[in-house]
Amino acid sequence: MLIIKPKKEFEVCIEAELTPELAMKSVEEVRKFKVYYGNRVVELGELFEVVKEGEDKKLVLDGDFGRVKWIGTRMIDGEIVVKGNVGANCGAFMRGGRIVVEGNADDWLGIEMAGGEIIVKGNARNLVGCAYYGNAVGMTGGKIVIEGNAGNYIGEKMNGGEIVIKGNAGDFVGTEMRAGVIEIHGSCGFVGGDMRGGEIRIKGNFDLLPTFRKTEKGWVGDVNVKGEGVIKTF
Amino acid sequence: MQDIICTFCGSVCDDGEYDLEKRKVKKFCKLGSSKFAEKERIKAPMIDGKEVSYEEAIEKAVEILVNAKKPLLYGWASTANEAIRVGVILAEKLGGVYDQCASVCHAPGTLAMIEEGLPGATLGSVKNRADVVIFWGSNPMEAHPRHGTRYSISAKGLLVKDRKQRKIIVVDVRPTKTAKIADMFVQIKPGYDYAIISALRAIISGNADVVPNEVGGVPKEKLVELAEIMKKAKYGAIFYGLGVTQSRGRDRNIENAIKLVQLLNRTTRWVIWPMRGHYNVVGAGEVPAWEVGYQYAIDFSRGYARFSPAEFSAVEVLLRKDCDAALIVASDPVAHFPKMAVKHLKQIPVIQIDPFPNMTTLIAKVVIPSAVYGIEAEGTVYRMDCVPLRVKKILETNYWTDEKILEEILKRVEKLRG
Amino acid sequence: MVVVELITGRTLDQGATVEEKLSDEYFNAVNYIELSEEDFKQLALKEGDRVKVVTDFGEVVVFAKKSELPKGIAFIPMGPYANAVIDPATDGTGMPQFKGIKARVERTEERVKTIKELLEAI
Amino acid sequence: MLWIKNGIVVDPKNKINAEKMDIFVKNGKIVAESDVKKEDCKIIDASGKLVVAGGVDMHAHIAGSKINTGRTMRPEEMRVVRNIAGKFRATLGRVLLTAPAIGYEYAKMGYTTSFEAAQPPIGALHTHEELDSIPMIDKGALPVFGNWHLVFKCIEEKNLEKLKALVAWAIERTKGFGVKVVNPGGVEAWMYGGNVKSLDDQVPGFNVTPREIITWLIRANEELGLPHSVHLHCNNLGVPGNYQTTIESIKLANGFRNPKRQVLHVTHVQFNAYAGSSWRDAASGAAEIAKVVNSMDNVTIDMGAAIFGHATAMTGDAPFQFSLHKLIGARWSNKDTEVETGAGIVPIGYLPSNPVHSLQWAIGLELGLLVDSNKVVLTTDYPNGGPFTEYPYVMAMLMSKKMREGELKKVHQYVQKTTTLPSIDTEKTLYEVIHMTRSLPAKVLGLENKGHLGVGADADIAIYNLNPLETDFSNEFEKVYKSFKTAEYTIKGGEIITKNGELVKEVFGKTFWVDARKKVDLEVIMPDIKEYFNYYSVQLGNYGVEERWLKNPSRLEVV
């Protein structure tokens, strides 16, 4: 297990593609790991304290990582625990393993995630599990659980996997969704625009679009794309 | 002088007449006339409010930019392509962020275009062919006063000869000045553009049965009527404005409208186009697109361009305190950004290049005055429909152009960076 | 007090003075709120009275104007007064929500700040 | 001054086929040995290496509103990093490239000239701004004429003098190079939601047909004596059965003659060479087209080869682009342009597992193999058929049957019965392929100083690490492909700009434009132009591009 702690408050955001693979390296190697501090490439050790405890494939990010982006990008196994907030693009293109964020997560959590699990104990911002700019398919597998609230544009173009929001979600949930499940325990705005398939379950209130047909399965649509997605309450 | 080109709004009217003696422009609207009227200027370059030479101000600007970990280079909508190009290359060299005014204006349209493309036309096509024009969340009578007479409402075209042969429809949350002269006004509940567009798509594609009796404050009958008009148009045009891009749904509204236009084109002809604001906000996106691949919200911190409005749009950069210096060219973010974004701007060194004093001048450490394109300097600009025009130099000036100032900055940065 | 949906946007006067931001003309072009006749009446306002506009994101004092808006909709021209109260969140799009913000509007005796005062207070 | 020593030179224009010789360069030109002081020359040792002229791409979409719209709508295309900012510009792009990337990638491959193949006249200044931003290469642009109301009017009136004056005026105003015709009449029909389907369909609103548009423009072009011929994108592009329209269009060149070059160039013929009645029974019409082209001595074509992988369809053929959008459901941009033209853009890809894509791939190659090497230019209609960076793939394929056999195994077997590719034994020689990529496109464009290494030619030279005397082109196709991908040296205007794929020096080439105003009386057309400007959205006085606005213009005057 590797414990990484910020040494100071950062002047600008940092981009650090930290994955559990790092826990397999020596502390010396980890300190030399390249991160981007604005337009400067610096060694991880310059900005963060690094402590190694045991051989688990696990990172503990101890402190506020709310301005550190791309944590857990493309990770395939192991575990990351973020003790505070986490910056944008966390868990992007993730294929396996587990990320636990004890604070809040910034935008683009779990971009096009294909497997593994992300748990956010606080709130998540926008674009959870979506397809990246210009890409056709969002999340295809794995599970994202937000225990607090989530922002707008959750699960766009989702084609598998599961997103659970324990609190409220914002607007435009599951737009152009094709498969997979989104479950919202609170309320949300527009749901399922141009949805082709998959299921969205909502406990609270939501804004129904005028393009879904009421059936015994729930609301089925979006008729504009001859969709067979299902929106239902629970 | 004839054929003077206006450098105010995205309509870029090019039929002005300038009277050199009276220093006045004829034919232009209130906005254009104000553009060509004499007004207060930044008198000289300044550092911390003290007048200095151009060279001294540029030296100071370079020092700030080169030392920054992430300089934000923002603005660009009211300058010429020649200056923008140097600005983009400067951002690339500095490893900074390039963003432009569209990001608080029409950039959601770019996001929509990424999803669905943009089926559009030049304004000349609309003038000649459009028998139905819809202004959706746009209000040309206030924002683009001559758009209607030159291109869209009463323009005299080849096939559609005049106002009588053209149906004008306004969709808005309030009865705007444009709504008053329209043949049909559809007043909608704020935030329901997306739902209404979805309903129109359903009606047009034969699924009217699922559409409830009222959508977004509009009775179904009215939506059916609108859908019929759209289907029967020979050549229709939707001009959307900030009412769509700046409210709930933003890019998703436009994406949906583009899908509506795609559908309509299966049976007749429709186009859709944004009512771009500043005279060269289109250039501020087109130039970086060919130079570095993207229109706005571009980060160069890794030595190449990356695009992510969620991270690299000026407002997001400022809200996250993710820049430690800013170069503001031909824009006034202090007046036009949300308070929380302005707060960070006040805390970092700001360099401003602009002909006119504005709110950003009040917080800038380095202020560099520049010549006004279209009056004191020549350059290329793109009208809202991407038609290029070369704006003219009418009057002599001692002010440097944005292009020259930026070139001097770039030269010095290249020397320092190697 | 009335609750309104606040929108902001361009006007001809705001546009015509946008290159003279430190002038009185610009100040006058952006320092007011347009209210529907009903809301105007409900607040017992007369033209030129001042109101305080409060949202989750801030508050600002502006002049009140009667306008042909539907009840419950209010309009402030784009500019520093509007930006004191709009929602800065861009929801990942880069675009703050300049239109469609819930706001409370109430009569006030407080002065309308000058543009410089407004900036200093940020 | 340069002295390229002991290279194996292939220079088809000058009938040099793999001869060991030296090349001398002075002031940006190829000169005779006696014109240089050898002791002042920088020597490049080219022993055992292939020395040829810089490549000439006569048809690519490299600048202007179409490619830039493509970039904007496809950020996923821009995430391939090719160069990090430093001494040179940062460059990006998978198939769609940024302007600096276009210049750098051509240069690395040994290409030094490229022409933008479709310039909307009113957008000419935009096209030139982008051309000016492309480093390394020489450039030009072809304005489009085939759907312009003013052109229709001159033809309706059967007034050749007017048409000639219009062409001369428009080419000057756009700083263009020649006459491009895209789906003549069809784009105007698209303004009403339609298209034209045959050469004799009437264009809506006008008393003209595609046949007349093409014929009259050839007549005007030839009477003006422009360096390049009419450059035609045929009607019915992308429609199964269209090869017949293509053949009919090609035959419109009958009766015209130009001693220097063809009178009609038909472009990206792969997209216009389909037999069959639908995509379910589509087949190749390449052999029939090749027969006709080979039988004529006044027509040239280019391949428009399809490369497997990503591509973006972007043409002035707006109705075709909409059909494509409907067919594949992809994003669609469209631009109806004043009373001049239109355009459309749709992202596409070519998959070897797809029967139609495999057919397209095969047809491109059939054309390259079956048409005389003196009549077919190698192109991919970048980015429609794929990246220009894969020209070496096409070059190697044309020269090796064995390579084709290997590739044929990887594609959908639909091509076995629907094309002649499996049965073609032809292997083009290196001499032929160098001609198809250098001297022929230069000749087709009418660029006398390009595409060859004779004295007086521009010193645009590529040196490849490939000894033609010791290479078995049939069997060593991998080596051939690799060698042509990256030139050992690329020399532009006498300066070394790349070496082994590394950038050495950034230069900005010329933009060629043609001035034929002396051949006409502009006054015969000005009243019509003035009248038509009532239907423009810009003033006549603000229309067009002045020479002084361009970075490095080069005027070719026709007298």
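Here the chain labels run A, B, C and D in written order, and each chain numbers its own residues starting at 1.
Operating definition for what follows: a residue touches a chain if its C-beta (ideal position, glycine included) is under 8 Å from a C-beta of that chain, and two chains touch if they have at least 3 such contacts.
These numbers come from a predicted model, not from an experiment.
Asker: Please find which chain has its CA centre nearest to the centre of all protein CA atoms in view.
Answerer: B
Asker: Across the interfaces A-C and A-B, which one involves more C-beta pairs in contact?
Answerer: Comparing A-C with A-B, the pair joined by more C-beta contacts is A-B.
Asker: So the centre of each chain is just the mean of its C-alpha atoms; given that, what is the distance between chain A and chain C in Å?
Answerer: The answer is 37 Å.
Asker: Taking the mean of the C-alpha atoms as each chain's centre, how many Å separate chain A from chain B?
Answerer: That pair's centroid distance is 32 Å.
Asker: Roughly how far is chain A from chain D, going centre to centre by Cα mean, in whole Å?
Answerer: 46
Asker: Return the distance between the CA-based centres of chain C and chain D, expressed in whole Å.
Answerer: Centre separation, chain C to chain D: 56 Å.
Asker: Mark out which residues of chain D touch at least two other chains, giving numbers and ranges.
Answerer: Within chain D, residues 73-75 contact more than one other chain.
Asker: Could you tell me which residues belong to chain A and also touch two or more other chains?
Answerer: As it turns out, chain A has residues touching two or more other chains at 107-108, 126-127, 133-134, 153, 171.
Asker: Which residues belonging to chain C are in contact with no fewer than two other chains?
Answerer: Residues 91-92 of chain C touch two or more partner chains.
Asker: Identify every two-chain combination in which the chains touch.
Answerer: A-B, A-C, A-D, B-C, B-D
Asker: Would you tell me which residues of chain C are touching chain B in their complex?
Answerer: The touching residues are 5, 7-12, 15-23, 57-58, 68-70, 73, 75, 78-80, 83-84, 86-88, 90-100, 115-116, 119, 122.
Asker: Using the touch definition from the top, list the residues of chain A that touch chain B in their complex.
Answerer: 11-13, 15, 36-40, 67, 69, 88-89, 107-108, 126-127, 133-134, 153, 171-172, 175, 189-190, 193-194, 207, 209-213, 221-224
Asker: What part of chain C is in contact with chain A in the complex they form?
Answerer: 89, 91-92
Asker: Show which residues of chain B lie in contact with chain A when the two form their complex.
Answerer: 68-70, 94-96, 111, 114, 194-195, 198-199, 201-202, 205, 207, 210-212, 215, 248-249, 252, 256, 259, 300-302, 307-308, 310-311, 320-324
Asker: Could you pull out which chain B residues touch chain C in their complex?
Answerer: 8-9, 30-31, 34-35, 39-40, 99, 103-104, 107-108, 111, 139, 141-143, 145, 173-175, 187, 190-191, 242-243, 245-248, 250-251, 277, 296-297, 309-310, 312-316, 319, 332, 334-343, 346, 355-359, 361-363
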